[in-house]
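Chains here go by letter, A, B, C and D, matching the order in which they are written, and residues are numbered from 1 within each.
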Amino acid sequence: MITKTVSNAQEACHGIQDGMTLMLGGFGLCGIPENCITELVRRNIKDVTCISNNAGVDDFGLGLLLQKKQIRKMVSSYVGENAEFERQMLSGELEVELIPQGTLAQRCQAAQSGIPAFYTPAGYGTEVAEGKESREFNGKMHVMEHAFKADFAFIKAWKGDTAGNLIFKGTARNFNPNMCGAAKITVVEVEELVPTGDLDPNEIHIPGIFVQRIFQGIHYEKRIEQLTTRKKG
Amino acid sequence: MALDKNQIAQRIAKEVKNGYYVNLGIGIPTLVANFVRNDIEVEFQSENGILGMGPFPYEGEEDPDLINAGKQTITALPGASFFDSAMSFSMIRGQHVDLTILGAMEVAQNGDIANWKIPGKMVKGMGGAMDLVASAENIIVAMMHTNKAGESKLLHQCTLPLTGVQCVKKIVTDLAVLEIKDYQFYLLERAPGVTVEEIKAATEGDLVVEGSIPEMQF
Amino acid sequence: MITKTVSNAQEACHGIQDGMTLMLGGFGLCGIPENCITELVRRNIKDVTCISNNAGVDDFGLGLLLQKKQIRKMVSSYVGENAEFERQMLSGELEVELIPQGTLAQRCQAAQSGIPAFYTPAGYGTEVAEGKESREFNGKMHVMEHAFKADFAFIKAWKGDTAGNLIFKGTARNFNPNMCGAAKITVVEVEELVPTGDLDPNEIHIPGIFVQRIFQGIHYEKRIEQLTTRKKG
Amino acid sequence: MALDKNQIAQRIAKEVKNGYYVNLGIGIPTLVANFVRNDIEVEFQSENGILGMGPFPYEGEEDPDLINAGKQTITALPGASFFDSAMSFSMIRGQHVDLTILGAMEVAQNGDIANWKIPGKMVKGMGGAMDLVASAENIIVAMMHTNKAGESKLLHQCTLPLTGVQCVKKIVTDLAVLEIKDYQFYLLERAPGVTVEEIKAATEGDLVVEGSIPEMQF
C-alpha cells in the first residue's frame, strides 16, 4: 500500500500559501478539522478563500481565522452562528458567496469526480442563479453549476489507516467525504490512525487514493454548538 | 385565539402520513416531530446526514458527533443511517423525501417563498432550503401569519430575495391553513375562534374564501 | 422505521409490465439480482429495455432473458461474454446502446440524485458522442450526458434490514448502490434480511429511503465467470 | 527477437513508479502486475470496484463476490477498499489514478486509439476504456506492433471507431517502445535484436528515429 502518513498538522500543511483556496469539512462545529485550523491560525496564512458549509462560531472553528482576518472570501451555505462574520460581511471586509447546501456538496463531489459541471434546480429564479446559465430539463428549470477548484482540502475523519483509507462517525461525516480528492492536496486528520489492514475493506467510506496526507490528530475539543437534552423518566 | 407555535406544529403533524420521509426545518417545523401519531411509520431526515433521527439525548448522553441540521444534539433511532452531504441532497434533489416542512419570512400567492436574507440587515444564508424548495413536491410552510411589526407575510409578491419560485403549496400559520392554487391563497381552515374577517385582514395577498370555513381539528 | 419487506421475488415484481425500462445491478455475474431475473423469466415480461453493465452469459444472468427474447434493447458498456447476445445484435433483433462504463454509472447516480444532466470527457470525439452536445471546460472537450429514466431497479445486496438499509459485499457492490433510487421502484434482494436496528448506522451503504421493496433471496448460485487461482507454495 | 506478451508486460512494469495507483486493462496489461518491483509502493485499481487488488486466490479460496474487471477471481490485499461504480469512475475521471495501461487494436500518430469495436464483426463494448483514455494523463498502450494479418497497428490515422482522441502518449509493443509527440511516433527503444529497419517496416504511421536507438533494458 502507498503510505500517506505525516507526523502532525504542521507537516500536513506544508506548501500552503497566502491567497489559496481551501476546502474545510464539517457542519457547524461537528466534524471540523480542528488541528488543521489551529495550524492555519498559527501560520497566519492570509487572504484565503474558504469553502466550508459554515463559518464556525466566534471563538472556535473557522471563527478563529475570521478573528485574525485571515479569510478574504467565504463560500458557504449558512453562516448564522457567528457575529464577527456578520460584522465583517456587512462592513464589506469579507467577501461572501452564499450558495445552496446541496449545490455546495455537489460542487465538491463534482470536483472529486472530474465532472466539470452539472445541472440542479436549486436556486433557479433566485439571486444565486444570477449570471449562471439556466436550462429546462423535463419541463423544469435548472441552473448549471461548476465543480470547485481548490488547492487544499482539510478533512476530519474518525479512523484512518496509513494508506489513507477513511471511516467517518455519525453526522461528523457531512461534507468531509465529498471534499476528499476535490482539491489538489487532501489533508486528513483522524482521531485514530491505525495500521494498514486494520480497517475492513467493506466498511471504508473513502479509499486512500483520494488522500495525500494523513495524521493522528490531538487534543480534540469537539465543542457542542447547541446542547439539547431531555430528562430521564 | 391565534395558535401558539406548538399548536401550529400539532396541526401540521396531521399532514404527516404513514410511510413518509420528512425533512423538518429549523424553528416551528422541528416541533412537528413531537406531535406525529405514533401508530404510523415515519422517518425524519436531517440534511446534515442522518435518516431516522430520534429525540434529544438524555442529559449526559449527548454525542458531539451526532447533531441535526439545527446543530442540536440528537439521537439515532434503531434503523437509522448516516451518510455524507452529497448523498443527503441526493435524497432531497432526487425527490425521495416525501414532505418538507419549513419556515418562511414571506410567501407569495404564486408560491414563491423568501426565508434566507434581509438585504443590509440579516444574511444567515439559505442552508439547505433552496435545494429543498426547488425539489420537494410536497412543501408545507409553517409560520406566523404576520411579522413582528404586524405586517402580513402572505403577499401578492415577495419583497425579500427569493428562496424558491412557485413551490409552496400549503401554509399553516397561527391563524389559518391555506392552500396555494391558481396564483391565489385559498382559505381551508381557521384557528379555533379566529374569524374569516381576521384572516382576511391579516392577509395582503388575494384570499379566496369558498363556503363556510371550518375550524382546525387537532 | 418504515417497513419495506415483501415475501419474495414474485411479490417484489408486482406492477412490472411489458415495454418497461429496467435497471439491473451487477458486474458480469457478480452481484446480480438472481431471484428477480428468474422471476422476470417466469413472468415472460416482453420488450423490456435493460440498463445493465453486462448482459450475463448464455445460460445465466440476463442471458436467460436474451434466450427467451424478452429484451428489446440493452444499454450496457461491455457485452463480450455472450454469444447469443452478439448474434441477436448483429442480426438486428436486439437494439444495443453501448456507452462508457463510467458514464453508465454516473447516469444512474444522476437519476438517484435528481441531477438531470452532467458533463464528462468520456467518449468525446467518438461515435458515442454523436448527436450529443459537447462543450469545452478547462480547455478540454466534454459531452453532456443525461440521467437515466427507469421504471424498476433490481438490486442485489448482501445484508439488508426491514427498513431497506443495505450493505453490499466486496466487488458485488459495483452498480447496485448507484441504481438504488434511480428508478421509480427499487426492488432489493438480499442474502441476509435482518431486523431493523441490527445494522450499524455508520456502516450502511444505502439508506432505506432509496428502496421501495426488499426481500430475502433464495438459492443463490453466484456463478463464477472466470475462475482464476494459483497453487499454494 | 520480438518480445512475447510477458516481456512486453515486463518492460512496461519499469514505467510503474513508487506511489502510483495503476489501472490495468484486460490482456497484456494484466500481466504487468507480475513484474512490478516489490520494493516500491503501488496499488492496483480495478474499475469494477476495488483498490488494492492482490493476486489470484489459492485454489479453493476463490470468492464469487471478489473479481476484477476481467471477471477473474482475485484477492484483496491488506489496506484494500471496495466501492461502487460511480466512485470507481470518480477515481478515473477525477484523475486520481496515476497510470493507465491498456490494449489497443489501432493507435494513430496523433494519439487516437481504437480498441472496442470492429463494425459488422465484433462489438464487445468499450467497458471502462473510454472513461480511462479520456481522463488519464498517463496512458501506456500495450499491444503487438502488427495484427494477425501482419498489418501495422501504428497508423497515420485510425480506421476503426475511436475509443478516444489524442490521448495516447506511450506505446510498448513486441518490437519497440514509442512515444507520441507532435503528431508523430518517436522511436525510443528497440526490442533486443530487432533492427530499426524492421520497426520502420512494421510501422505505417510517421516514425521519427533520432540518433542511435538503444535496446530495451529489463
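Criterion: a contact is a pair of C-beta atoms (placed from the backbone, for glycine too) under 8 Å apart; a residue touches a chain by one contact, two chains touch by 3 or more.
Remember, it's a predicted structure, so these values are computed and weren't measured experimentally.
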Going chain by chain, each one touching the next, work out the least steps from chain A to chain C. 1
Please identify the chain with the largest separation between its CA centroid and the CA centroid of chain C. B
So which has more C-beta pairs touching, A-B or B-C? A-B
How many Å are there between the centre of chain A and the centre of chain D, using C-alpha atoms for each centre? 36
Which whole number of Å gives the spacing of the CA centres of chain C and chain D? 28
Shared-contact residues (touching 2 or more other chains) in chain C: 106, 113-115, 120-121, 168-170, 201-202
Sequence positions of chain D contacting 2 or more other chains: 50, 76, 82-83, 86, 89, 92-93, 135
For this assembly, give the contact graph shape among line, ring, star, complete and other. other
Here the pairs of chains that touch are A-B, A-C, A-D, B-C, C-D
Show me the residue ranges of chain B that touch chain C in the complex, using the header's touch definition. 19-21, 41-43, 45, 50-52, 76-83, 86-87, 89-97, 135
Going by the contact rule at the top, pick out the chain C residues touching chain A in the complex. 106, 110, 113-121, 137-138, 140, 142, 146, 167-170, 201-203
Touching residues of chain C toward chain B in the complex: what are they? 1-3, 111-115, 161-163, 165, 181, 196-197, 199, 201-202, 204, 207-210
Residue numbers on chain D that touch chain C, as the complex places them: 46-50, 55-74, 76, 82-86, 88-89, 92-93, 112, 116-117, 120, 123-131, 134-135, 161-166
In their shared complex, chain D is touched by residues of chain C numbered 27-31, 53, 76-81, 86, 89-90, 96, 98-106, 108-109, 120-128, 158, 168-178, 205, 222-232
